[in-house]
Each structure stands twice: as C-alpha cells, then as structure tokens.
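Paired with chain B in one complex and with chain C in the other, chain A is shared by the two complexes that follow.
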Partner chain A sequence: MLTDHTGSGGMFALFTHQGEILDAAAKARDKKFERWDVFTPYPIHGMDDAMGLGRSWIPWVTFTAAMVGLCSALALQIGTMTIDWPMNIGGKPFLPWPSFMPITFELTVLIGGLTTVAVMFLAGGLPNLRPKIVHPQITTDKFALYISADDPQFDAVATREFLESLDPLTVEEVRFDR
Partner chain B sequence: MATITKQGELTGRSTYIDGEGPLGGPRIQREALTTGGKTYAQVDEDILYHTEHFPTKLWWLAFAISATVAGVFVTSAALLFTTGMGTQGINSPVGWGVDIINFVFWIGIGHAGTLISAILYLFRQTWRTAIARSAEAMTIFAVATAGTFPLIHVGRVWFAYWLIPIPNGRGPLWVNFNSPLAWDVFAISTYGTISIVFWYVGLVPDLAIVRDRAKNKWRKLIYGILSLGWRGSNRHWRHYESTYLMLAGLSTPLVFSVHTIVSFDFATSILPGWHATIFPPYFVIGAIFSGFGMVLTLSIILRKVFHLEDYITVNHIESMTKIVMLTGMLVGFAYSTEFFMAWYSGSEFEGFAFMNRAFGPYWWSYAIMFSCNAFIPQLFWFKKIRRNLYVVFVISLFVNLGMWFERYVIIVTSLHRDFLPGSWGMYTMKPIDWAITLGSFGWFMSMFLLFARALPTISNFEVKMALPPDEGAGKVYKGGGHHAD
Partner chain C sequence: MAHHHTGSVVAPPKLQIPKNFYIACGAAAAIGFLSFGVGLVAVDPARAWKAYLIGLFFFTIMAMSGPWLVACLNLTRGGWAVTVRRIPGSFWAAFLPLGVLAMIFALGGVSHVYEWAHVEYHDALVIKKLSLLNQPFFIASTVIGYSAIGGFGFLMSRNSYKQDETGDGNLYRKNLVLSAPFLILMSLGLTLLSVHYVMSLQPHWFSTMWTVNIWITGVQAGLALMCIIAVWLSRKGSLRPFINENHIHDLGKLLFTATAFWAYIAFCQFLLMWYANLPEEAIFWNTRMSWDDPMSNPWTIITAIMPFAKWVIPFFLLLPRVTKRGRFLIPISIWILFFSVYEVWWWIAPAPVPNVGHGTGHGSGVGEAVAHHGPPALELPWLELLVWFGFAGVFAASIAWALSRWNIIPIKDPRLEESMHFHQ
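What follows is the complex of A and B.
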C-alpha cells in the first residue's frame, strides 16, 4: 500500500513564494524526514528533486495498459472475424490485418489513457470525500511544508524550531480527526 | 520580465536581450502572457468570478437564444426519429446529405481543442494555458453534437447499438471490421472519452480551488465531490504532471487518427472526387483550420463577456490567427492538388467530377468554400488585421462558413453526378435539414454557456505556473536559490 504521508496530524510552515518553498523542501530533504509533504497551488519545476523524489513511474503504467489495449483489440477483431465467423467480404482475406489497424490503435489509446488517469488518482489516495486539507489557501496562493507527527524524527519543539528557521509566514499545528 | 499593465502596451513582438543567449548571442524573450501584474490570488478572483456569482443579464440573454435554437434541434431530431428519413432531402443518388455534412463539420471543430491541449503542450507553447480549457470544452461539446448525426442518419436509432460488437442472438453476427464505418464508431467514441478525461484531469486542481474558496455549504459539497479531494500535494503533482504528459502523447496521434478515419469513409470508396489518397492529411488540416476558427469566435466572445482580457490577450488571438492562416493555405493547397491530380491521373470521371464541382450546378458552394478558406484568411498576413479583434471575429465566422461548405461540396457534388449520366440527380435541403443544421449550433452554444457558468473557463493553476514567480507572489524573492543546482 502507498504510505500516507499526512498521517493523523502534524506541523506546517506556510510560505508565499515558490523560491522559498523550494529552499525549505531541500532543507527538509537533507534532514531526512520520512513522513512529510509539500503542498503547492501549482506544480513547481524542480520540486521533485528538492524533495528527493525520483521520476514518476506513471509512464510504465501507460505503456503496460496500452499494450493490454493493443492485444485486446487484436483479440476482438481476430476472434470475431477470423475464428468465430469468417465471412467472404469482397474477396478479402479472413485475416485482413491492415483493416484491423485503426481499431487496434484506438483501443490502445483508450485503454492506455483511461488506466493512466485511474492509477494516477488512486496513487494520490483519490477520490477522497474528506480530504485532509492542511490549509485552505494552499490551492490559491500559499505554499506549505508539512511534517507529520507520525514521522519518527518529529518532536514538537525541535520541529517547530526547524520550521521557524526557514523564515516562513507562520508555523501552525494541525490535527485530522476522523 | 517587465510587467505590462495595459492591453494597449502589448506589441506582439519579442525582445532581444544581447549576450544572454546560447553561444553569446541574443536571448529572445516573449511578451508577458498575462497583463495587469496579477498575483496568484487575483488570478483566482478574476477567473472564478463567474463561477461564484449569479450570471449576468448578457449571459441569460445569450442562453435564452441558444436554448431556443437548441429546442429547434431537439424537436427536429424527435421528428426525424418518429416520422423517418423521408422528411429529409436525401434520396438517390445523393444518399449522404446534411447529416453526414454536419457530422464531419462538428467532428472537425473539435480537433482544435485537442491540438491546443495536447500538441501545443508537447511543443511547450505556454500561451495555450489561457485558451486550453475552453477549447477542450468546445471539443467535447462539438463531439457530442457530431455524435447525434450518425444516430439520426442510421434512421432507426433504436438499432444503433448494432454498431457495437457485442454477443447477440443473430449468430452471433459481428460487425464488419473491414468497414470504415465500424472504425468510425471506435474512433469517435475513443476521441470523445479521451477528450472528456483529459479535460477533467485538467479541471481537478481548479475545482479544488473553488471548493476551498466556497462559503456556501452546497457549493463546497458539490465542488468537493467534483474535485475528488485534491489537496495540491507535491507527491500527487509528480504523478499528475507525468499523467498529463502521457495523455498529451496519446492524444496527439489520436487527433490525426480521428479525422483520418473519418476521411476513410470517403476515400475507401470508388466514387470520383472521394477516391483519393490525399484525403487523410487534407481532412486533418481542414479540421484544425475549422476548429481554430471556432476557438477564435468563442475566445473573442468569452474574453469580452467575462472580462478576461488580461488572460486571453490580443497576443493569444494573434497566435491563433497565424495558425488559421497557415492551415488555410494548406487547405487551399489541397484543393489545388486535387484539381491537378484529376487532370494528371488521366481519369475521365475524376476530371469530370472536379470540373463539375467548380463549374457545375453547385459552383456557388465551391466558390464559397474556396474564397472563405483559401483566400479570406490570407488577410492575416497583415499584423494590423491580426490584432484587430473585430476583423478577426468576422474572418473567424467566414472560416466556419467555408468549412461547412467544404463538406457540402465534397459530399453533394461527388454524389450527384458519378459515372452514368442516367443515374445523375440533384440534392435540395428540406426545411427539416435547415432546422437540424441551425439547431445544432444552438445545442452546441447552450452546452458551452453552461460550462462557462459552472466551471473555471481558464486553467487557474496553469496560468499561475506561467506567471513570473515574483509577480504572482507579489514580492521579490532574495533567497539563496541553491535549489537551482
């Protein structure tokens, strides 16, 4: 299962500039926290490196699903037109592979695309009707560095000191009661 | 980058900064995408205003007109379903009439949306951010409009599910996968589905903004469900951006495939005027051309009615006019190539088909098509015209008109005089043909207006990404910047 990096609550520092959050994230990465996250109104270029996250594995999902789509399209067409009920249509062969290409392509794209999107949402724990919203202004114009209280290094005093050393707008605590 | 506060200060020209570029040459800097020196919070205020407030009188007026025209569409479709195909003008030899014309027209309109959201994304054209959302919405509504026409054309719509290869009690008798009409079913449904998914993926972070700003309990609930619980975590953004790239990569060949397959409906036949290998590229270019015409029409109205001039600037309009001009030239080239091939092939029937197109009884439709598509957009060679929104708006209407007539010319003039003069005939549109054609515009506009009312018409988070960070945050960052390494 995927790790829940937000946990039952924690502490966050709020910033107003993307440069600040990039610096802050890099410092948190160097502190080697395990359960922490960065919340931003838009994806920031360089943030994956600043957080020490590698490349997303999504392209592998797309490739695998697209291959499944390709094979199922061929199976559908060959299964119906060649195996189940071969028919003479204008003297064409019973396995007219050029005729099969358009639908093979379309189903490759369809299944590849739909699976990629579904896996992307599920990987982020979505859909979630009661999301753990750290701060309501994150989607608008604030950037948050969040450290979960479930992190083994978390310490109410030391973590607050660390967050305040980053010169944020505020440092606040949150709890998510379910 | 200097902040441009007024629309009038935009020139549409890049600045050259000497010595900053690669190998000591100049660095070319485009003008700001957003004017008015907006902060991130202002972006949300401006774009979400119409989602969060009761619609204006202008919106109600536009919606009332569109909904009435959409009523004409629904009524005439109901008449066609209940009374039958005999009410339409189609007959032997012109068995494909207004239904197929409108189908190809509306599918073509959709192509610009996918081009903007996928191909311009892959080419890193950041100006797409301002128009991508509304263009994608346009795609979905255009495909939804287009999809109704084949259903009308099959005559007995209650048997339309026979188009899908499902096990059945007739053998099972499967669909014929050699037929381009079966390919069409898969192409159009894939295109519609992927367009909706692409659009929705882009919407999720913006719906979360509406949810977080909502003070009304119901709005918070509805947009909370629609946004799926998006929180802006970078651990999600990482996969999100990768997904968007994958979708763009999948959609790019999809755009080309859809109109290619539509063109196969014609090109795989043996009819003079249809039986041509040029059809796939010719149809795809025509689709992009007509789609951008429609995007121009809608964007010019949208920016004015919803006060989005700072986001959809005159520079955006100018960029689109350049694409219209280029694709207009390409369709003109395709028309000329068809003529050349008709002569060069030495085929008597092919030669006659094209002489009949240009000088036969339907010469007027050919004249409308050629002048609206190949000649009028050439006015965009002049920068003054590209930046004059009134002229651009009128030209965009001509593009739409011309492209409707292109499909009219291809279908009607080829069918009405094929090989034997004994089987020739004429095609006239009956009242119900006019009603369903004009009604489809109301149907399309009603859906677009509802979208513009209920959802963010511009991608907020992408506009924020494209803003200079200091401008968006409203302060200058003096940090170490060690993240840059």
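What follows is the complex of A and C.
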C-alpha cells in the first residue's frame, strides 16, 4: 500500500536494502505501534511475520458468503420445484437433489467470489483515485517505514529517536496537503 | 533473491533405507502373491484375478501421478518444488515391476475376469466392440501404457540425475522437450489402460469421463503419498535447509485441489448418467446401488460412503491452513490413501465375472447380470486386502530404491536456490 488513509501526517524512515526494512519492521512491531505501515517497491517474503500481521479475516467472509449462496440456491430450487409447484420431469423425484447441484455449486462460488472481491475493495479503501504518496522513491528502489501521527504512541521527539535508531538513510516528517 | 550460487550448495547425504524396510517389503510381497496363489487354487480364480487387478491398477494409477507431476512442474517452471521433486521423480521406478505384473495379468487373467473374452457370452453390443476388446489389443495397450508412462518418467528423472554430476543447464531444456509430448502420450496411454482394464469389466457400459476419473483418483492418491514422504523427509536434520513447511503447505494445497476436483469429476459423471438414465450407462450404477430400494443391494452403503469419505471429510480437514503445514497432513493423507484403495475396489469388485467352469462368479457373465440375477454379493475383502499388500511391497521397495539410489535433492538444478528460499 502506498497510501495514508488518515491524512494527518506522521513520520517515515527511508532504507536502501530489504534486509534493513525487515529488521526495522520487526522492531516497530516489538514497540507495539498500532497505526503504521511499510512501503516497498515489490512484495518482500517474510514481511507479514516481521510486521506481525497475523492471518487475514477475509477467508471467513468468503466462507460465510459461500454458505449464503449455497442456502439461497437450495431454497430457490426446492421452493419453486418441490414445494410451490412440484413438477414431474423425466420421471425423476420431486426433490431431485443431484440435478440441483450444478446451480447450488455455481451460486456458492458466485456469491462467495463476488462478496470476497467487494469486501477486499472495502477493506483496502479502494478505489482511491488520489493516493497520498509518502515518498516518490518507494515505487522504485527505496523502502519506507511509516508511523502515523494517529498512533497512540506517536510523539514527535520519541518517534524520531526510534526511527533514527534504526540507522536509516533519512527520517522525514510527513505533512499531507488537503 | 538476485544471487544464485547453485554450485555452492552442499549435497545432503543420500537417503539410507534400513535393510529391514526391504525385508518388510519382501515379506508383504510374499504374503500377497502367496495369497493370490491360494485364492487362485482354493477360493475362486475369478475373484483372485480381480483382487490382483485391484492391487495392480491402484498402484499403476498412483505411480502415474509421479511422472505426471514432474512433467507439469517442468512445463510450468515450478521453481518452488525443486527440493521435493525427487519424490514424484522416484515413482517411475515402480513401472518396471508393475509392467511385468500387468503383462502376467494380460496373459493369464483376462479370460477369468472379462466376459468379452468368452465368445459364448457375446451379444450384439459386445460384438460391435470386439475390434477393441480382444486379448492382442489388451496386451498392446498394456505395453503402450506402461512403457509410455514409465519410460518417459525414467527419461525425465535420468536427465535430472545426470545434472547432479554435470551441472549442465541444457538438461533442464531437454526435460521441457520431453514433458510436453509425455503429457499427451500419458493421456492416451492412460485412456487405453482405463478402458481395457476397468471400463471393459462391464462391456456394455461406457463413460467419456472415465479416464479423467481414474486420472484424478491416481493423482489424489499419489499426492497423499508424496505428502507423507515429504513430511517424513522434512523431519530429517540433514534436509532442514531444503524442505520447509512452505513446501509441505503447497503439496497439501495440491492434495486439497485434487480432492475437490475428484468430487467434481465423480459427481459430474454420476449426474449425467442418473439424469439420462440410459440402460448401458446406468448399468454401472445399478450394479453398485439401488435408488428405489437401497437395502436390496448391499453395495448401496459402500457407494453412499464414497462422497463423504473421499470428499466431504478430507475437504474440510484440508481447508484450514494449519492442517496443510505439518504433521496433521500425515493422518489425512493416510485417510485419502485408504479410500483411494476403497474406490478402486468399488470399481472392480462388484462387476460381474464370466461364469466359467466351477467358478462362483457373481453373474452369468452377460452384461445384464444385475437385471437377471440380482445385485452382486458383498464379500469381506480379505483376499483383496492380502493381495493388495503384495503390490504394496513391490511398489514401496521400488520407490525406496530410487529415492536412495540417487541424491534426494537435485543438487545442481538451476532453480534449487529459488526453491530453498521458498516463502509465502
């Protein structure tokens, strides 16, 4: 992520190597900051652990939505074909569950998939047409550790001291123009 | 990640297979094939040969999954799997003994098991298929199927073994050239084997999804075995830098995929046949279950267990992340292996056999055996299990030999470094 959703500024340290940013992220995690992020030009293996991100909650959304899709598909078919207006098709039973399975499968996948995409957009704050970029080089060859001013532990002096202790290239304050 | 020093990797020691393991394999093989002999003489030749077919076919389709996965990894440039690729890369070794055992079946067992081998049972529908269903063609498909799958599997693994010594990067390119035609030949060879060995047990019956069903059952069983071996190898101290829990996780994900795809294929095949209800398609199901009067056919319960044992239970067990990353994978894989054998038994055991001589075969041998003579008997599969152990001994000894004969890690593979640093 390249953006800061809070818009209230903060402070970042810039690094030149991915090993440095992994160490820095692990130290920020151990300091128990709450509103902070790491910006890198490419995905870095092991960053989830270094930041202490834990597991995503999105799979539970997928599972729940898929179950809703499954139940609504069965309700639709059993309601119309078995309860409301039973029809004899090819001499099959009035509750021909095998022939209900394709639609049940499709609606399970459809509702599960579409809901997951929608929730991912919501959770990621997308679409964001005017991202606030901390430093232009985080998309090319630099790595940034950013701590938001909204963080409960944020303190202009102490946070700068912490970031300086990580031995970065620079430490800069962020002010976003509204 | 930008630096590749593949030459600097220190080879781990070769796998040591204790002598007792081979003795156990030999004992299993002896028990299995002695039981087969006893069954042949004292029980019922048709049942003994079908038990032989169950063991033979189960291990054939499981061994097929090895060269198949190696070819797919070659073609997709699957760098993640380099450190575990020698596991499927050892399955080719089973094809030589299995091919010999298949040839014994093709020469000696065919007339005991298949009604199309008996001219006195031919009806109009079977006569139309005799250009395919005859013993010379059966032998030809055995030769083609086993040599195509096992031969290409050997050639691909041999290039990899050579690379351990020479470090020649071109060997990787040669394997690409082998992998693509192999996948086509394997599909054709497996089609021949699945039609001749299993589909023709009920010669009126046909299914265009049959080979896919057989392929995915073999892949599911093969991946389960690969997961067990990979978890076991990852516990060895000398392999700790090479095989980590992320490799195990990806093998577990493939096992999960195979489980879901098996359900998809098996259900699709059932749905279309159930819906169309054509006699020559429905015969497969009418042999194995009764929809209207479930208790009239003892196989109904065996059939009803299948979707739960082969899909629902392993699907939900493999769904969480934690069960795919370590020791939980072993009991789940054993479960899947057990029910893969169960499925092959379910394909083969209830099919009617030609009622030759003194045999106590289930049907008259005519395709409509079920309609005329009631459902097949459900016997305790003691003979089938014992004979299965014979094939298990042969298979286990073969791949243990291949795993320990060469390095367990392709030590000069161009993607080894990438695989060793495999993360998520």
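The rule is short, and it goes like this: the second predicted complex is superposed on the first by the 162 of 178 C-alpha atoms of A that agree within 3 Å, B and C clash if a C-alpha of one lies under 4 Å from a C-alpha of the other, contacts with A are read in each partner's own complex, and residues count from 1 in each chain.
By our rule, a residue touches a chain if its C-beta (ideal position, glycine included) is under 8 Å from a C-beta of that chain, and two chains touch if they have at least 3 such contacts.
Note that the coordinates shown come from a computational prediction; the quantities given were computed from them, not determined experimentally.
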Checklist line | Clash or fit (per the criteria above) of chain B with chain C on chain A | finding: clash
Next item on the list: Please indicate which partner A:D84 is in contact with in the superposed arrangement: first for chain B, second for chain C, both, or neither.
Entry: first
Item checked: Touch count on chain A, higher of chain B and chain C -> B
Notebook entry, point to check: Of the two partner chains, chain B (first) and chain C (second), which one does A:S99 touch, if any: first, second, both, or neither?
Noted result: both
Next item on the list: Look at A:G52 in the shared chain and tell me whether it touches chain B only, chain C only, both, or neither; answer first, second, both or neither.
Entry: neither
Next item on the list: Have a look at 40-48, 166-174, 238-246 or 328-336 and say which bit of chain B overlaps chain C after the superposition.
Entry: 328-336
Check: Which chain A residues come up in both lists, the one for chain B and the one for chain C?
Finding: 46, 55, 90, 92, 99, 102
Check: In the complex of these two chains, what residues of chain A are touching chain B?
Finding: 5-6, 16-20, 22-23, 25-26, 37-44, 46-51, 53, 55-56, 58-59, 62, 66, 76-77, 80-81, 84-85, 87, 89-90, 92, 96, 99-100, 102-103, 105-107, 109-110, 112-114, 116-117, 120-121, 123-134, 136-141
Notebook entry, point to check: Residues of chain B touching chain A in their complex?
Noted result: 39-41, 44, 165, 171-178, 180, 182-183, 186-187, 190, 193-194, 197-198, 201, 205, 208-209, 211-213, 224-225, 228-243, 246-247, 250-251, 253-254, 257, 261, 264, 461-462, 464-465, 469-470, 472-475, 477, 479-484
Next item on the list: Mind listing the chain C positions that touch chain A in their complex?
Entry: 267, 270-271, 274-275, 277, 321, 421, 423-424
Checklist line | Partner chain C, residues of chain A touching it in the complex | finding: 45-46, 55, 90, 92, 98-99, 101-102
